Amino acid sequence: MIVQTALLVGLVLFSVLAILLRDLLKSAISLAAASLFLGIIFFRMNAPYAGVFEISVVAGLITVLFILTIALTKAGDEVRESRAVNWVFPLFFVAFIIIDALVMKGLLRKIPALASGAETGTFGDVLWKGRTFDLVGQIAVILAGVFAVLALFRKGDKHD
Amino acid sequence: MIILFVALPLVVAGILPLVGKVSRRVVPDLLANAALLFLLVYAAIAGRHLIAGGPVLQQLSWFGEPVAIRLALDGFSLLMLLAIALVGLAACLFSIDYMEHYGAKANYYALFLVMIAGMNGLVLATDLFNVYLFMEVAAVASYALVAFGLGRDELEAAFKYLMLSVVATAFILISVAVIFGMTGSLDFAAVAKALQELNAGAAVGVASAFFLMGFGLKAALIPFHAWLPDAHPSAPAPISAVLSGLLIKVSGVYAMTRIFLNVFGLTPALSTVLMSLGALSMVVAAFLALGQKDMKRMLAYSSISQVGYVVLGIGIGTPLGIAGGLFHLFNHALAKGLLFLTSGSVQQATGTRNLDEMGGLAKRMPITAATNLVGALSIAGVPPLNGFWSKLIIIIALVQSGHPVFAVIAVLTSVLTLWYYLLMQRKAFFGKLNEKWAAVKEAPFWMTAATVFLALLCVGIGILFSSTVTTWIQPAADVLADGVHAVIGSWGF
Amino acid sequence: MTNTWYFYLFFAAALIFAGILGLLLRRNLIKLFIAIEVIAKGISLLLLGTGFAKDNILVAQTLVVTFIVVEVSLVATALALIINIARQTKSLDVRKLARLKG
Amino acid sequence: MTPKMLLLPILLPAVLAVVLLVIPRTLRLVRDALALAGAAALLYYGFVFFSLKDLRFNVPWLGMGIDFDLRLYHFSSFILLALAGFLILIILYSTVKMKDAPRAREFFAYVFLTAAFANGAVLANNFVPLVFFWEGLLVTLYGLITIGGRPTSGRTAVKALLISGFCDFSMILGIGLLWTVSGTLTMSQVSVEPTGLAAIAFVLMMIGAAGKAGAMPFHTWIPDAAVDAPVTFMAFLPAAFEKLLGIYLLARISLDFFKLRPGSGLSVLLMVLGAVTIVLAVLMALVQKDLKRLLSYHAVSQVGYMILGIGTAVPFGIAGGLFHMINHAMYKCGLFLSAGSVEHRTGTTELKKLGGLRKEMPLTAFGFTVCALAISGVWPLNGFVSKEMVFHGALESGYTVFAIAAWVGAIFTFASFLKAGHSVFFGERTREIPAVKESQPAIVVPILVLAALCILFGVYNKLPLTLFIQPILAGHAEAGAHLDFTSHALDIFNPVALISIGCLVLAFLLHRHGFLKSGRKPYLASEPVHNLPVVHKLYDLAEARVFDPYEQGIKVLHGLSLVLYKAVDRPIDFVFEKVVTVAGEKFTAILRKAHNGHYANYLAWCLAGLIIVAGAISLLAK
Amino acid sequence: MNAETIVLLTILVPVVGSFATPLASLLSRRARSVWAILVSAVTAVLPLTLIPLALQGGELVVRKSLVLGLDFVLIIDPLSIFMAGVSSFVGCLIVVYSVGYIHKEENQNEYYLMVLLFIGAMMGLVFSGNLIFLYLFWEIIAISCWRLIGFYREPAHVRKADKAFLVTFFGAVVMLLGFIQIYGVTNTFDITAMRGTLVPGTAVLLILFGLFSKSATIPLHTWLPDAGVAPTTVTALLHAAVLVKIGVYAFARLFLYTFRLPEGWQQAIPIIVVVSSLVAAGAAAVENDIKRILAYSTISQIGYIFLGFSVANAAGISGSLLFILMHGLAKAGLFLCAGIVIHAVHTKDIREMGGLVKTMPVTAIAFLVCSFSVIGIPPFGGFFSKFLVIMGTVQAGRPWLAAAALFTAVLTMYYLFRVFSLVFLGELKHPAPEKTKSMVFVVAVLAVLSLAAGLFVAYPMKLVNIATTEMSWWLR
């Protein structure tokens, strides 16, 4: 359990770092690190497929996309971030952590829940048999994303 | 075969870009409109008799062995499918001429059909997570479509729309996760049964608050509405017609109603919150619309206000209220779609959306002016058009269920609505012809055909309101009403 | 089933709140989107945590996988938008994106 | 004589009016002939009906107790006959006088239409036809005055219309109250004690009658009309018809509809009204410079006698009032016709310009003198008889102050007629007027006929009294009282007659004093009275129409309308135009400013919304 | 043809006919005018064929049930036949007049379409026996009014048209709320089923909003004078003959035929309406625009009709019904005369006119005759109606109200003759001949009708008496 909590704390730290860092590249990398931690957490929760996906897709692909965007938008003038963020953000964050802890310990413990039966079958047939409609949805989302990118980057007659 | 509603648009969307390479305009137009026409016919005729035998649970099989795509087609979903098909077809017809100068028509149609597929999927989903998934499909497609013009305003609007929607979907997922945690399953019926046994009042309250925020933003109720007045005007006219007419209703009102009435059960607390949100949206959005100079922005605020009516209607919880709400949802979809299409024709003819620059266009563009008038009067609730009957039923439901204050607010808001629509008529169509537009011609064929199609629908439903209510609206309301009785009985609070 | 769920709920809530706080305070478009990504991490953690706590982990995995797929297409669209905005407005400051008023 | 014949006096003149209106201008002779024939026919039927005594024509009309009910009985047949008589005289006179008037055809049409309505009003036995015909006269009144053709004719016509309209509307209110009190609209069945609501009804209907007759506060249009309207109109309506109708209704009110008690409050009110009318009108008449205005004021003052007579509620007094009504109609019509004949020949009725016309116009002069003597109440003539009866009635009713007022009136009447007669006919010949001949016979004959009638009704007064007046009062005198008015009619050796004669002598002295004082100029004979210190001021004010209730009324009406418009209508419009729109815009501006386009701002709204909704649901769920 | 088909035809002919006018105009302008006159003439004749049925008294209810208690009900009784006859007849006259009046203007198609739609909706409203359908036709009339007032498309005119539409829509929607409140109590919208029920006070207040807004009584009246910007035929149609009569007809249909007014309202309404007619008469005496004067005059005369109905006794009701006929004829005449004058002199300010009697004799006489009828002077028709209303008020024990009403009548006489003398008498400022024979002919017809209605009042009175007894049988 200690390792799990350590990983979780690492995850939260890197995420907060990703937001707080001034330099874009550094924050992208810390974001990748965070998703790495998350992947490991998934593995420890014996959710291998989710872990693989998390690491390869989120840590990999999305970070690459981020870096690509940072590169492409270098030309623009420097965005003056307000100085206040550095102390406002942690202050609120810590305050929320305390409230969050108390709430989790006190109130939410009492959420009634049904005991669910043991799961049968492998991940494959759960995904394929149980939630086939999700796959249709996924295909649709991918199509949507592709067409969106195509539309946004189309050359030629742009209509203002 | 109700999977067709989702599969067909996806498949056509898939092959469209390839086709787009071959012939830039004719085939994409043809294909897109044919698909939507088929959906309309299928929904109108096949759907009707499907329903005759009670809600249809479609168990699909993929190459022989059963596959777990459980789609439920009941009165409510069928009503939504019909609305989507109708307004979608009209917008598609409209975009044949309108999208000429946008270019990349095939890409546009692809995105359009994906959005339609997303909406159809959401309507047919019986699983909380699927609702999220297909909403996201439609949302992604709509971000791209809002930004389709690639202008400064379009991009800004699309970005803000995206960033706000993402937060909304995050909250929806939190709530789905909590429900999943409590009941262990995601299917509507199973969750409903499980929640009845658990009677975890507080937790469901918080979950419904999160859902309300998420779907409220999608439906653009007042505190969550800020993205809509920017997104809808900057989208190309047929898209803003579909956005205002369908998207905010399907991913906002439909999802909210389905979950609150069929899954959670409409508790008195939830009903009051829904009604107050609806009433707030009605009044504030109506006042905002009053002060607008931009025609499409006024229409956007009007959509917020009319969605407020629908939510108020459904929030009452009585069968009559729900019927009124749904009927108004359907009428508003048609009428608002029509209004956005006419604004598109005006924008294409005069090149401006600013009402002050327009003047007396009725002289040059009689059909557009007439159809705009029909749409405006229908939404303002002036008889004999369709908007009047739905508002009437809502007000009757309000008075009967003992909410006189809401009834008065609803009545006064419809006066306000008429005021700003008259403002629009006076500035754009009804006054003296502005000499700048002396050379303006009537909108091209397909655009006027689309607007006339919707206008005839509005007038037709207005006159044949009783048969429309009995064939389309009553079954949808019964589905929800049973939901309320079944659930509310047990929860009590 | 006991309190492992609340344990993951705690961390997920922390991540989500951090993301929202980032959205409210940061001005750079890309920073904003990084905050969105943090929220996404929080949600996938929440989903999987719930599944793990309620030991129907397989279903939770499918949900997370689908969620990630959706997240990818969202990122693609959003970044395309950001690039276009950067090209048009020559700046990534969200305060400049305030022309549509009233 | 079938009851249907009763429709004849109404329909015949109405149809004739339409025909006369349509006849082209060129066929003047045919028109005159037709008019005369029509008037003659009416006169003949007047006599026929008079001999008939009782006839009733009743046919349902509007339901709810309103039916077209005509009834002929001795009072209405007498008035019908009188009306027909005057009509034929006026028509005869007008054939020449109005020969070259621009709207002559309209004039004849209106005259016959007035005759139709007047006959209808007299015959009516249900209040609704009564009001129908009574108010119909307004239309012809307006039409006739506008025929005068002078620039101010329109204004005077409207003035006459408004005053008469006001009186008629109060009469309608009175009839309404009477209907609620008595429960029926048939005039012959109505007989109510004038107390409480009925008293108000009495007063309102009295206003209607007095207004038509031209008594004080409602008289101011008559002097203006004298100048603006054609003289034939003055002789026809204000002199004859209106007096007959007005006093007929007043008599029926005090005799039939309400049981007026002598000495009761209402009768005193009537007597006061009468007395005031007599005195003030005659004072005004005295100082007039124009013959027609002088005669018009006298017409108003003489009505005072009739009202005073009826007001005494003593049979003798009422008989005097009624008899005075017919007498006055005759000599006033004669006077106006003679003034018209003078105007016809000389072109003016200015006393200053006229003088010594008795040689060139002997017959007009003779007619004028007889009628002037009659109106002043000189002994053998009809004026003397009816005035004596009024004096007796006033004395008998116990209020001597009214009798004194009557006498004062008599003094000044005679003084002003001496002035008029002297300056028009008997003074020296002035140079302004060229030599004139006597008017055509068609003009002179009516004057002489009227003069003859005055003499006849005076000398042989038994005929009119027994034939006309006696039957009217038959039902009302106490059983025992012997209704013989004729006994001492012409007897001058009683105190009342002596006082009257004294007044006349006093008047003669006053005239002689004025005449000599002003250096033998007859038209300035009234200056001594005119220049009395306080009186002079009042006269100027009166001339400036200060006391004219109509002028003040119009100012009040206009002021009230302005107040209503500015204080009620415009503010309501202001609310709709400004308040609502500005409020709308203000509220919208605030809301629009809130949407400043910043993403963080919108996100904050959403989160705040979430918190509020969550709080609301958990609170409400408790 | 039985009564039911006649009534359905009376409603459908104008409505369908109106939408067909643009088609007729494709043939030629002449064809369109002929078509419009034909349709309005047929609509005018049809109710007349029902009069024998009306004279037998009794009522015929036609019912076709639809969803949710909103079933389509037609009541064919003397009241509705009388109203239909009066308004369609005057409407037809106005259509004939407008052929001459607007032959030079543009967008005439819309004009004829809206006028015929107006008449059709009016027929529908008069016969409808269901509150919601009454409201439906009420609003269709509001739409056509809006388009007609804004006919000249000037920015100021359209603003006035919007104001008129908004005020009437506001009143009507509040009235709808009242109907729904009653629906809550009796849970039916069908008038014939609700006869004699006592109505809650608030519902009465709400419904009065609608009635007062449509018939332009005091608080909601300012749109009527402003609507003077419309072409004269429209103001004649609106102000004089038909539109304002709807509010009064609805009052009769609702509060005499169907509901029983609570005691407080029976006392209050007569006072309000008399005040309204007094204020309007005051305003008319001060205005200088001839159309605004006549508009205020209409508001004032409508006060009388309301007075007659609200005192609710035989004399009052029959007086009001007669008033609707007489005022319709006379006021339409006044407006159309004003139209001829404005058409010739091109100004609406009466101070700039003068002496027109010399060049426009027929119009002057028609104006005079119609004024006499409006003031209520015999032998013209207006006398009987005003007389009966006054008698009704006095009999209902309100002599003070009757006195006020009569004072208003004097004020009416004052301002109508002020207009007559300023416009027609005095010296001639700009000589202008009487334009288009058809317009003068219509005006003459109206004047003669006012006179004939006065002389032969017994005939309309028969129908009115039957309608009164039929309508208020449970009042006694």
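A, B, C, D and E are the chain letters, set down in written order, and residue numbers restart from 1 in every chain.
To be clear about the criterion, contacts are C-beta pairs under 8 Å (C-beta built on N, C-alpha and C of every residue); 3 or more make two chains touch, one makes a residue touch a chain.
None of the values given here were measured: they were computed from a predicted structure.
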| remark: With chain C set aside and all else fixed, contact clusters read one piece
| Labels of chains that are neighbours to chain C and to chain E | B, D
| task | State the pair of chains with the top count of C-beta pairs in contact. | result | A-C
| query | For chain E, which other chain has the most distant CA centre? | reply | A
| field | Taking each chain's C-alpha mean as its centre, the one farthest from chain C | value | D
| What is the identifier of the chain with the smallest separation between its Cα mean and the overall Cα mean? | E
| field | Whole-Å gap separating chain C and chain D, where each centre is the average of the chain's CA atoms | value | 99
| message | Roughly how far is chain D from chain E, centre to centre by C-alpha average, rounded to an integer in Å? | response | 37
| For chain A and chain C, what's the span in angstrom between their mean Cα positions? | 6
| Which integer distance in Å separates the CA centroid of chain A from that of chain B? | 31
| note | Each of the following residues of chain B touches two or more other chains, namely 129, 133, 136, 140, 143-144, 147, 150-152, 159-160, 163, 167, 178, 181, 184, 202, 229-230, 291, 419
| note | Touching at least 2 other chains, the residues of chain D are 592, 595, 597, 599, 603
| field | In chain A, residues with contacts to at least two other chains | value | 113, 115-116, 130-131, 134, 137-138, 141, 144-145, 148, 152
| field | Full enumeration of touching chain pairs | value | A-B, A-C, B-C, B-D, B-E, C-D, D-E
| List of chain D residues in touch with chain B within their complex | 584-585, 587-589, 591-592, 595, 597, 599, 601-603, 605-606, 608-610, 612-614, 616-621
| Complex contact set, residues of chain B against chain A | 6-7, 10, 13-14, 17, 60, 62, 67-71, 101-104, 107-108, 110-111, 114-115, 117-118, 121, 125, 127, 129-130, 133-134, 136-137, 140-141, 143-145, 147-152, 178, 181-185, 194, 197-200, 202-203
| field | chain A-facing residues of chain C, complex | value | 1, 3, 6-11, 13-15, 17-19, 21-22, 25-28, 30-31, 33-35, 37-38, 40-41, 44-45, 48-49, 51-52, 54-62, 64-66, 68-77, 79-84, 86, 89-93
| said: For a test of understanding, state which residues of chain A touch chain B in their complex under the given definition. | reply: 107, 111-116, 128-134, 136-141, 143-145, 147-148, 150-152, 154, 156-160
| query | How about chain A: which of its residues touch chain C in the complex? | reply | 5, 8, 11-12, 15-16, 18-19, 24, 27-28, 31, 34-35, 38, 41-42, 45-47, 49-50, 53-54, 57-58, 61-62, 65-66, 68-70, 72-73, 75-77, 79-82, 84-85, 88-89, 92-93, 96-97, 100-101, 104-105, 108-109, 113, 115-116, 118-119, 121-123, 126-127, 130-131, 134, 137-138, 141-142, 144-146, 148-149, 152-153
